[in-house]
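Everything on this sheet refers to the single structure shown next.
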Amino acid sequence: MEDVQNTLATVALPIDSVGVRNLRLPISVSRREGGALATVALLELGVDLPAHFKGTHMSRFIEVLQGRQEDLSYKSIKSLLEDILERLHARKARVIFDFPFFMPRPTPVSKATALQSYQCRITGELALEGKLDFILEVKVPVMTVCPCSKAISREGAHSQRAEIRLLLHLKNFCWLEEFIEIAESAGSAPTYPLLKREDEKFVTEQSFANPCFVEDVVRNIAEILETHPHISWFRAEVESFESIHAHNAYAWIERYTQPDSQISCTDLFNMVC
Amino acid sequence: MEDVQNTLATVALPIDSVGVRNLRLPISVSRREGGALATVALLELGVDLPAHFKGTHMSRFIEVLQGRQEDLSYKSIKSLLEDILERLHARKARVIFDFPFFMPRPTPVSKATALQSYQCRITGELALEGKLDFILEVKVPVMTVCPCSKAISREGAHSQRAEIRLLLHLKNFCWLEEFIEIAESAGSAPTYPLLKREDEKFVTEQSFANPCFVEDVVRNIAEILETHPHISWFRAEVESFESIHAHNAYAWIERYTQPDSQISCTDLFNMVC
Amino acid sequence: MEDVQNTLATVALPIDSVGVRNLRLPISVSRREGGALATVALLELGVDLPAHFKGTHMSRFIEVLQGRQEDLSYKSIKSLLEDILERLHARKARVIFDFPFFMPRPTPVSKATALQSYQCRITGELALEGKLDFILEVKVPVMTVCPCSKAISREGAHSQRAEIRLLLHLKNFCWLEEFIEIAESAGSAPTYPLLKREDEKFVTEQSFANPCFVEDVVRNIAEILETHPHISWFRAEVESFESIHAHNAYAWIERYTQPDSQISCTDLFNMVC
Amino acid sequence: MEDVQNTLATVALPIDSVGVRNLRLPISVSRREGGALATVALLELGVDLPAHFKGTHMSRFIEVLQGRQEDLSYKSIKSLLEDILERLHARKARVIFDFPFFMPRPTPVSKATALQSYQCRITGELALEGKLDFILEVKVPVMTVCPCSKAISREGAHSQRAEIRLLLHLKNFCWLEEFIEIAESAGSAPTYPLLKREDEKFVTEQSFANPCFVEDVVRNIAEILETHPHISWFRAEVESFESIHAHNAYAWIERYTQPDSQISCTDLFNMVC
């Protein structure tokens, strides 16, 4: 049968990335406390394509995924990328895993526990004979109480749910859980899946003792991330679903924290966009 | 050229509705204060199909829409449905328009004005020699302050944005604006596109003087709608984006308010689903 | 501490359903071939509320979910609803689980296997001393080749991905897998996660030998479902992402198949909407 | 009343961008053929914030938008950014308009006309005493016929809808319409809102005479854009909703086309992400 993909390209331009997207699979993810969490991921897998080849062989991306037994981790991402480089004769490969992660969240007073969900996204990129580039993204819901509303009103202050989004270029292995905890402590209060009445009183009072703008939230996070030993670049963003408006407020801070970062801005752009 | 649609169906079953969806068009909508509002709609248009025909002629739905100059209203929906019945030789036709509507929203104290957006959806259904069935849907953002959190906490109370969704089977023409106003007065406070500091103080204090659960919000609305002279059925729903949780709270009340309603529950089901 | 929820409602109207939504949890689902599949669900849980109570106790929904070990099934849904009825002193309870399900999908010629994802949704409703109402929804991607385009063109025919959506009111236990297979055989060809070149040739030729309109697809399904012994109501819908248009074509058939159905249309409406 | 925003920040870090999002407004957009098109936009507006200020004054973003009468264009974006810089005492401002644009699309044979919708996004960024940076994004649906499927199958070939996404950094004013036309000619055939039978025959045959992979589509576009006199950077991406799979195929090419580009990659990253 003819191998059309292997014929010459009519327009001989190199392609930065070609592959498959929106592929859903059950996966398991290593947890800090040991063991693994079963979850479901949306995947993207891609490779570069030299100027002279008409097409890549898309079915090989699916084949590479079959029979893999490892939990998702820094190490398994690297091994997956090496397989893709080899099977598709590529010079650069990229994979993205987008999945909900879960952590037990104890109630602050009644000490019951329920699971909280956090949307995560891991992007790994590897060039032939290169070093693994690894970008971690976590989305963490928090509560914010408005400092202005509190200062000027006779009673109360508007509060709302906000979503923190961290994008991190990691130089070494770190647990997802660490960054979820950094984000959860950056608002007026964390959110909880379960709150009994004594817990609701505690969280309400905690949040009103600690009012913060979206500006405060991203600064609280950036202050910690800019001296983190394993991060070479980060973007901390928060979007607040204002209760007094139908629109949202947002703020973000983006920084290279290590001058000798191995990742270029162009690479970042292409990994994150 | 062969007219495949007009050949006999292999499986001779009547089809409830067949047509086109996800069609985007600029439209204009009549406003209570006079004139019309330019906006953009997503459309669905469909007809029944008797058991013996293989297919409907989809391109005629698009043709029927060309050259129409009327503003969207009860009357123009009826005329559009009559055109569809005729052009597609159908016995039943249905159209759905989903669009953002805008109303000027004055700030409560400083008296400035800005536009607020409300997502609306109009469903019209007409059978040959039948009466127009007309379902109006509006989504209205409001603010809710939690009565429990307020009662038990030393200071403050959690508040959040909530979205009210009204579904209304109308017997006579009514303005969209009337139902938006009913919904906006049903929470702890409305939301505003623009609030200066004196306005923010006012809205915060208003909302804390009027705490309400999702249960209170739908009851406030249902109390008004159940005696409304032009409504024969309604569903009032609210979903609150709780600031202390990552999940939402909801409540709904659904009622036939006029025993001689011309719409059957099966029709409702098929118009709303 | 004051129990505000237990105070009298200001507007004494009964509420059809009040509860929590958008709650994400890892779950496992029983499989026809034995064992269970680990996946992730979005949940909604709700109860009715009598006219005189101001509010329900939302945290109890979360508590009821803790520590449950059973795989998702007809039986576990019933037991969960019984727990909710008891813990929330309710007369009617409803739960919705929305989750991706996975089935191994062998390639037609090369006989390799990969997992295909299908979005499913189970709605269970139980009244005090009533019988469990159970609605199953599955979404199944298929391929359609246009019979008109094929008949009139010198070469080829446009084809596209389409999504079948089945809603089924079940009287007895049935496997999800059965309905996925019914849907997959109703288009021009199924879709596959993995296709090698010999498989792609097979699927292309199979689909061109079997062109079908959206009308054909829903009739193929309805013909099977209307005599299915365990279904008392169904809605079969297909939406085709037309490759020659930016809009979609759709068709649906909805039927009560058993005259003694225990579910009323009002109940259906409220379970499905 | 206290101006909390003007107090000192607890954590004195500069913020890259702070503002409002998800604000919906009716707008009008200049058209190449003259006149303006009424549509609806989602807006984001933001400014930088120096390290020492606690917060920005969010209500001023909404005030700046009031009373503006100009059609959306390169010139009006610049004037809006200048207003924001002044009103918010900022050194850098950014606005994003996301909106559906419409063009009349004549059928190829029967010569009827209907409107086609294209999602567009304009990002403008201006620093004090700087030059306007302007990024245009357009999404254009096309049809692709698979060259491999066509070459190996006895009959037919799978085809599908695909979406082209162009991101363009413009040095000078260009019409949206130009890039929509470039994209529409890059697939196997354009899509049309309206096709009569003779048109459907034409489009089917045109597309089968011109099969292309996602790789071909982006190369066709890149070849044109890389020598375009008014573009200094572009990213051409296509995502194909494969009819034989439930997942999608994608490809993209990204290039700086002018060495003296005034936009840095960091700026691009922050404008596009």
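As written, the chain order gives the labels A, B, C and D, with residue 1 at the start of each chain.
In this section, a contact is a pair of C-beta atoms (placed from the backbone, for glycine too) under 8 Å apart; a residue touches a chain by one contact, two chains touch by 3 or more.
Nothing here was measured: the structure is a model prediction, and the numbers come from that model.
Participant: How far, in degrees, do you have to turn subunit A to put its CA atoms on top of subunit B, rounded to the nearest 5?
Facilitator: 180
Participant: Which chain has its C-alpha centroid at the greatest distance from the C-alpha centroid of subunit D?
Facilitator: Here the answer is chain C, farthest from subunit D.
Participant: Could you tell me the distance, in whole angstrom, between the mean C-alpha positions of subunit C and subunit D?
Facilitator: Subunit C and subunit D have C-alpha centres separated by 35 Å.
Participant: Using mean CA coordinates as chain centres, what's the gap between subunit A and subunit C in Å?
Facilitator: Roughly 29 Å separates the two chain centres.
Participant: Compute the distance, rounded to whole Å, between the mean C-alpha positions of subunit B and subunit C.
Facilitator: 25
Participant: Where does subunit A touch two or more other chains at once, residue-wise?
Facilitator: Residues 1, 23-24, 117, 148, 152, 193, 195, 197, 201, 246-247 of subunit A each touch two or more of the other chains.
Participant: Could you pull out which subunit A residues touch subunit C in their complex?
Facilitator: 1, 3, 23-26, 28, 37-40, 59, 62-63, 65-66, 100, 102, 112-115, 117, 193-198, 201
Participant: In their complex, what parts of subunit C are in touch with subunit B?
Facilitator: Residue positions touching the partner: 1-2, 4-5, 9-11, 13-24, 44, 46, 49, 54-56, 58, 147-148, 151-152, 213-216, 218-220, 222-223, 226, 235, 239, 246-254, 264-266, 268-270, 272-273.
Participant: Quick one: which bits of subunit B touch subunit A in the complex? Just the residue numbers, please.
Facilitator: 116-117, 141, 143-145, 148-150, 152-161, 189, 191-193, 195, 197, 200-201, 203-205, 207-209, 241-247
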